[in-house]
């Protein structure tokens, strides 16, 4: 804990707030729009002031669609997918970074190559595969791919960070009698805690925002995630902007709160001590 | 490149290690084979056919015709010099001018967006890497743009970038207004005639608008940099402080080398993802841009899923993109050997 | 002790593995086992906004009330047609197309062969002409492919001119004399005059504050092109016909909306907003739009005052553009499911369902008799014009190369407007006809009369 002069602290806060203001501007605009009636929301020049906040918009946004249902669906899909993606991604990243196995080089080339093909071309083979498996209309096409490695992004992320973990950690665990899985779960994963949290957040957000795959693979209205729900506010002639903004902000709220709560875990890691040991009795 | 014996817990016999390594990677391997490799092969085969995607029986083998249509030129004809990708020694008019337009748009966007996005993410992460009260709030705030749902962001940004009343141009005009008296006092012309960009409604300024949007959502890369910064061992900083290194020296000698893996990671993924940018151009395109936002994957999508449906051609487009991305990635990976620094031995 | 632990762990793993395996593959087995499925189930898919979802839910409820044993599964795709079309094509390819689908007529021709001919299910017509039990004739033609009726029309929209009365009033005060709303038989000359009167600079600062007419994109300008007697394609939609003196007159009229006497705003002058917003906020007094604009306007302050005028008549008469959405039944359904699906199709074209659909005023009903429901909300004050306009509505040209044509026309029109001093309509049309994109897909001959 370095002591910092008062001036520097104030300057830092000022800078943080200034940048924060720029970053948050669009959200502020969304908030303003969500409180206006349709006439005013579409007016130009867009008004900075809201004459009388129309909280009814939020009631309308939530009332028109089964909003809670959609949020719960999104929560389910995103959570299960994020857990799976991070787990299997970490396993594969660990394997690439720290373990010797035959054909590793070839598979790494495959890993990089899998990033480079636009996913739109894979849509038809995927659809045919899922239809043959009878999975169309269920959540499986959304969840199972996450549990099968979660995509190249997660694997590469963990690969990069596991490469930075000193070999001594794994060797110490091996000396203590740890098996492969224990080394991984008790030593390596905790050591990469910031990365794990990051990967969970990024995977969660990715699955939360995804609308293309749920649109193609889901059929029952009650199983829709919120990403599809928001599309219902758009018409071909423009959209009900105020309702759309209200719904978007509401769907954003739990994510923001969750992020706020768990972002402190991003500060842990090897920084302070660098010593994480393996206890066989745990 | 990689010598298996030098990585990992080297005390285990190689065969057992092979089984363990394979075991850990098994879920991913299953996924990549069934969901990526096999479909990729299918699309490669399809790129040699003509097909509209409705009935299996309609697949028609045309060998390299798709690639010829894609990359070929019509001899004895003249390409239009109005197109931004035009250059003099073109061997005629392209068979598919939209392909070249898309390629041009995407590479220009990528070359601008990736470095700027990385720089912004790194600066934000550095800013957030201090111990101050209320840091949690700031971190959440800076990350929120990444979270905001795609379509809502588009609406928000199309208003912010509105040429007449958007806040972006209002800020620019404010800057002009502040500069004006200064310039006039110095004897130059005022800023009255200085142009204000039309952003999403002009062919030239629409890509910068998208680049700025990309930079705004730098929150994702910022998180990765933040995690990397937090993982730098404190002992290194202490050692540097003992040696008398100032703040800038510490950054250059300790921080930067330690986070090169994160930079490397973000760079490769940045290149790969920005070349495949789809949802923003899809949502933000309009006629006034004159194809300025016709990005590669958007064009691919139009060929595959809009009239007249040409799936074989779209697959040819996909594989051409694959070749381009692979080239760029190989260059980056090769260069990584010089500037990426790992704690443990062994490259990649 | 360690032996016991290993066994317990093995049992746990085995149980978890079995559970996961069941979760993964139970549906697979089920899917392949009962392909024949429930004979009382009808799968119906449609697209649209939440309003559309609720409207169709109401139709389904009414159907199920009439047929207690049948059950309709509503497979809704949120949003507009693009991704719905993608999904439908995937379903066709894999053989999992729903029993009944909502379709747009534009892309219908390319997928028509996958649907059952419905010639036997047309509503029974009485001998009287204009029977309320008949479906609109133009609409029926949309879904008639190669002599078979592959789909039935459900709802559609034609283009008319919306008028913002507040703009008329403001302009009238500014000019010192009342500007009347358009009459039912106004002509292109009247249109021009009204638009000029409505274009005003209220505060005298040299910049126009209100404009008479929103310059539409060419697809919405089609009614005017046709009213001039010109045409874009021929009846078979394969030959390029956008040439000749009538076409030049149409393009010149379009150009003159901006120069020399401006009645339409340049994009910069309206901050690049879209047409609907320009109309709503009173920046522009008139715009071309369809019945789908009505539910939107009904939620704004213009709800009770906006007016709609017929397309002005020109040398080619009075013509407007119409498009239709329809309903189609999948081919080769098993006998028992077919009866249910046919029943649903017939119900959707029956007065009851058409009434439910028409009441939202979002689109015109295909069934003539449902027109009373369409006009119910505003008592026909405005909505009856859309019904009247059906008598002079033409179908939008239907071709698989529509996107290419759309892009080419837009490109050339934009250049014409940008270089208005240097190119004439005749030159623009010649360049357009010579454009390789057009030449590749359509037969281009010399300027010919229709």
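Some points to look at:
Should a chain be cited, it is by its letter among A, B and C, assigned in written order, with residues numbered from 1 in that chain.
Convention: a residue touches a chain if its C-beta (ideal position, glycine included) is under 8 Å from a C-beta of that chain, and two chains touch if they have at least 3 such contacts.
Remember, predicted model here, so these are calculated numbers, not experimental data.
Among the remaining chains, C is positioned farthest from subunit B, on the basis of C-alpha centroids. Interface comparison, A-B versus A-C: the higher number of contacting C-beta pairs is recorded for A-B. Centre-to-centre separation of subunit A and subunit C, using mean CA positions: 37 Å. Averaging C-alpha coordinates per chain places the centre of subunit A 18 Å away from that of subunit B.
Among the residues of subunit A, those touching two or more other chains are numbered 44-45, 124, 231, 234.
Shared interface positions of subunit C, defined as residues touching 2 or more other chains, are 86, 93, 271, 273.
The set of subunit B residues that touch two or more partner chains comprises 53, 162, 164-165, 305.
Subunit C contributes residues 24-25, 27-32, 45, 49-50, 53, 73-80, 83, 86-87, 90, 93-94, 96, 271, 273-274, 276-277, 280-281, 289, 292-293, 296, 299-301 to its touches with subunit A in the complex. Put simply, subunit B touches subunit A in their complex at residues 1-2, 4-5, 7-12, 14, 17-25, 27-32, 34-40, 42-43, 53, 124, 127-128, 130-132, 136-153, 155-157, 159-160, 162, 164-165, 167, 216, 220, 223-224, 226-228, 230-235, 261-262, 264-265, 268-269, 272, 276, 278, 296-297, 300-301, 304-305, 311, 314-315, 318-319, 321-322, 325-326, 329, 333, 342-344, 346, 348.
Contact residues of subunit A toward subunit C in the complex are 38-39, 42-45, 64-65, 123-124, 127-128, 131-136, 138, 140, 144, 212, 215-216, 219-221, 224, 228-229, 231-238. Interface residues of subunit B, counted against subunit C in their complex, comprise 52-56, 93, 162-165, 198, 200-201, 287-288, 290, 302, 305-309.
For subunit C in complex with subunit B, the residues that touch the partner chain are 82, 85-86, 89, 92-93, 106-107, 110-111, 114, 217, 267-268, 271-273, 400-403, 410-411, 414, 436.
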